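The structures considered in this document are given below.
Same chain, two partners: chain A is paired with chain B first, then with chain C.
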Partner chain A sequence: MTATASAPTTALAGLLLAVADDEFVIGFSDSEWTGIAPLLEEDVAMSSLAQDELGHAAALYGLLAELTGTDADAIAYDREPGAYRHCRLLDHGRGDWAMTIARRYLYDTADGVRLEAMVGGSWAPLADLAGKLAREERYHRMHAGAWLDRLARDGGEGRERVLAALAELAPDAATVFTPLPDEPALLEAGVLTASSAEMERRWRAGISPTFERLGLPMPPPARDPGRGRLDHGEAFRWLWSEFTMVRRSDPGATW
Partner chain B sequence: MTAKHVPGTAAPELVAWEVFRREKDGDPMRHGGSVMAPDAELAVHYARELYGRRQESVRLWVVRRADIVDLDDPDLLQPPLDRLYKKPGGYVMRDKLAAARAQAGQAKPKARSK
Partner chain C sequence: MSEAGTQIGVARARAGAVAPPAQRSARVDEAAIRAALADVPDPELPMLSVVDLGIVHRVEITSTDGAIRVEILPTFVGCPALEMIKASIVTRLAAFGRPVTVVATFEVPWTSDRISTAGHAALLAAGIAPPGASGDGHPGADLIALGPPVPCPHCGSRRTVLENAFGPTQCRTIRYCADCRQPFEAIKQV
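Moving on to the complex of A and B:
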């Protein structure tokens, strides 16, 4: 596979890794609901959403592996926790159902804006893949939106819990739009059709009517925005030990 | 329509929804199964996950079970008298014809030639 005329491989690789790690981490986090979701139907739904995200991660890691001549599984599983580049929004642990819904809503809406900026991009392999992912993510937003609506309109415990979840996530909500080190090169080459600042503006414009309607506080700008994809804490180290457990049990085995 | 959940009250009740699915264009809608959900929106989500997530359907109908008009009255559906005449095959005429021929002294006609 060739990079585009003007975007260096390192810039493309950085973008793919960030997006793939986001999808991988949220997919694995949500898979923790399998068997314990609030009702059977929701258990199936959340497990299926989690599988979708892991599928998206697999496709993105696959593209990255092709680009860099490496192995997708090795990228997904063989890094130390500090080498993952997902955004800090996904570093809060599974939490309760309201936390999962709040995280999903914030992430899925942001991911939708990001996919839009890649669909029209100049690197065909990524633009094509982003188009496919965007079609599946539409449903994810519907699902998260339906639940956010129900929790927020519930005057009792549901609303309290979703407010608490949003309060915890708020400082990290915008970290999906942490500028990548090579963003200027990606914009220059047209791989991304919008800067992270522009994407964040679109995201805020997109979600603010919902937040207003539900009487929820809009997330503030990200704290320490330059490190939005670094400094993964204890919750992620635990998650990492879970999702690498089998792989580490027999390094180099053929599965 | 489904009752809306009143904020601050107990969790909305789950009710049953019947799901019909079309497997591919041109097929009839067939009953696929059911889901439990508190309202139409989530019922559609769950129907999609349970009867459509493997791309096995091109259309779903999700119907609240309570909205279905049910009929299982045996007097109306399984009446005791002979209703063969209402079936496309009608009565079995073979025995009656044989008796009529015997009475008239006629042999069974041969199959018509072309």
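Moving on to the complex of A and C:
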């Protein structure tokens, strides 16, 4: 597989890694609900969401591995926690159900906007995959949206908890749109059809009617936009230790 | 329901395994390969062949060495059955006595609209509601829960509700029929 004529491999690799890490980390976070979700139906739903997201991550790591001549599993599992490039929105630990729904709603809506910007892109392997991912993500948005609505309109503890979750996530809510170091090259080559600033504008326009209807505070701009995919904290270190545990227990094992 | 499906799948697979020896090496063209693929069941929906499921994309025979190359369209990006499907195709096409390669591509997205009419009938017979139109291009496509009602595969009633947008496999949702009071699975519209 070759990069496009004008987008250097490093720029494509940076984009693939950021998107793949996002899907990988939220997929593992979702899987933490398997067996303990508040309702049986949600146990099924969160497990299925996790399976979707880990599948999306595997496809994206696969593109990255082909592009750079490396191994997808090694990229996914053999890095130190500090080398992951997911956004800090996903660094707040599992939390309670309201936290999970708030995170999923913010992420799913942002991811939808980002996929749209890749669907019409000039690098066919990513544009084709993004088109397929976008079809699946509709179900994720519907799920998160229905639950956000239910919790926010509850008026009691559900609403209090969702407000608390949104307050905790607020400084990192927009970090999906952290500009990548090589964003200008990706835009020039047409791999991305919208800048991160434009994507964030579309995202805000898309979610504001819902936030207004539910009387929820819109997320502020990211606290530290330059470091939105860096400085992963203790919650991610714990998750990393969980999802790499088997791999580290017997390095190089074949299955 | 799934047991019945498995039996149908096994019957189909057996039928494939005893394909007439005349097919072995004589005529190999795209139509013969596609006909052979109609014997390969989907592992998660074994009442459907990979052809009925609509995942067979390009079928090519290399002019130089006669090798067979089949492109398939994954129903879902993270479908865990994909490797099994590839292996089943390779096994079935081995009867042609040529090298076989199966690759997955997203060049064309698989949509639930690709399931054949015969596939819809096989799903219904197994108690799984076939998908309605995917709603491509409709502005309200995001509002899946508000889409047209999915008829109950048991009694045909349209008074059914979405219980869970997620089901036992990535491609299925769970619904409930208010008339015959049975839960049922439906293929996701994607």
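Observations
Quick note on the criterion: the second predicted complex is superposed on the first by the 255 of 255 C-alpha atoms of A that agree within 3 Å, B and C clash if a C-alpha of one lies under 4 Å from a C-alpha of the other, contacts with A are read in each partner's own complex, and residues count from 1 in each chain.
Throughout what follows, contacts are C-beta pairs under 8 Å (C-beta built on N, C-alpha and C of every residue); 3 or more make two chains touch, one makes a residue touch a chain.
For clarity, every value in this text was computed on a predicted model and none was experimentally measured.
Taken together through their common chain A, the two structures put chain B and chain C in a clash. Applying the stated contact rule after C-alpha superposition, one finds that A:S48 touches each of chain B and chain C.
The partner that reaches more residues of chain A, of the two candidates chain B and chain C, is C. Of the two partner chains placed by the overlay, only chain C lies in contact with A:L133; chain B stays clear of it. Looking at the shared chain after the overlay, A:G155 reaches chain B, while chain C stays out of its contact range. Of the two partner chains placed by the overlay, chain B and chain C both lie in contact with A:A146. By the touch criterion stated above, A:T10 is placed in contact with neither chain B nor chain C.
Using the contact criterion defined above for the overlaid structures, shared-chain residue A:A59 touches chain C, although it does not reach chain B.
Under the contact criterion defined above, the residues of chain A that touch both chain B in one complex and chain C in the other are 41, 44-45, 48, 139, 142-143, 146. Touching chain A in their complex are the following residues of chain C: 74, 76-80, 105-107, 109-111, 141-145, 163-168, 170, 174, 188, 190. Within the complex formed with chain C, the residues of chain A that make contact are 41, 44-45, 47-49, 51-56, 58-59, 124, 128-129, 131-133, 135-136, 138-139, 141-143, 146. By the touch criterion given at the top, residues 39-42, 44-45, 48, 139, 142-143, 146, 150, 153-156, 159 of chain A touch chain B in their complex. Put simply, chain B touches chain A in their complex at residues 5, 7-9, 14, 35-37, 41-42, 45-46, 48-50, 53.
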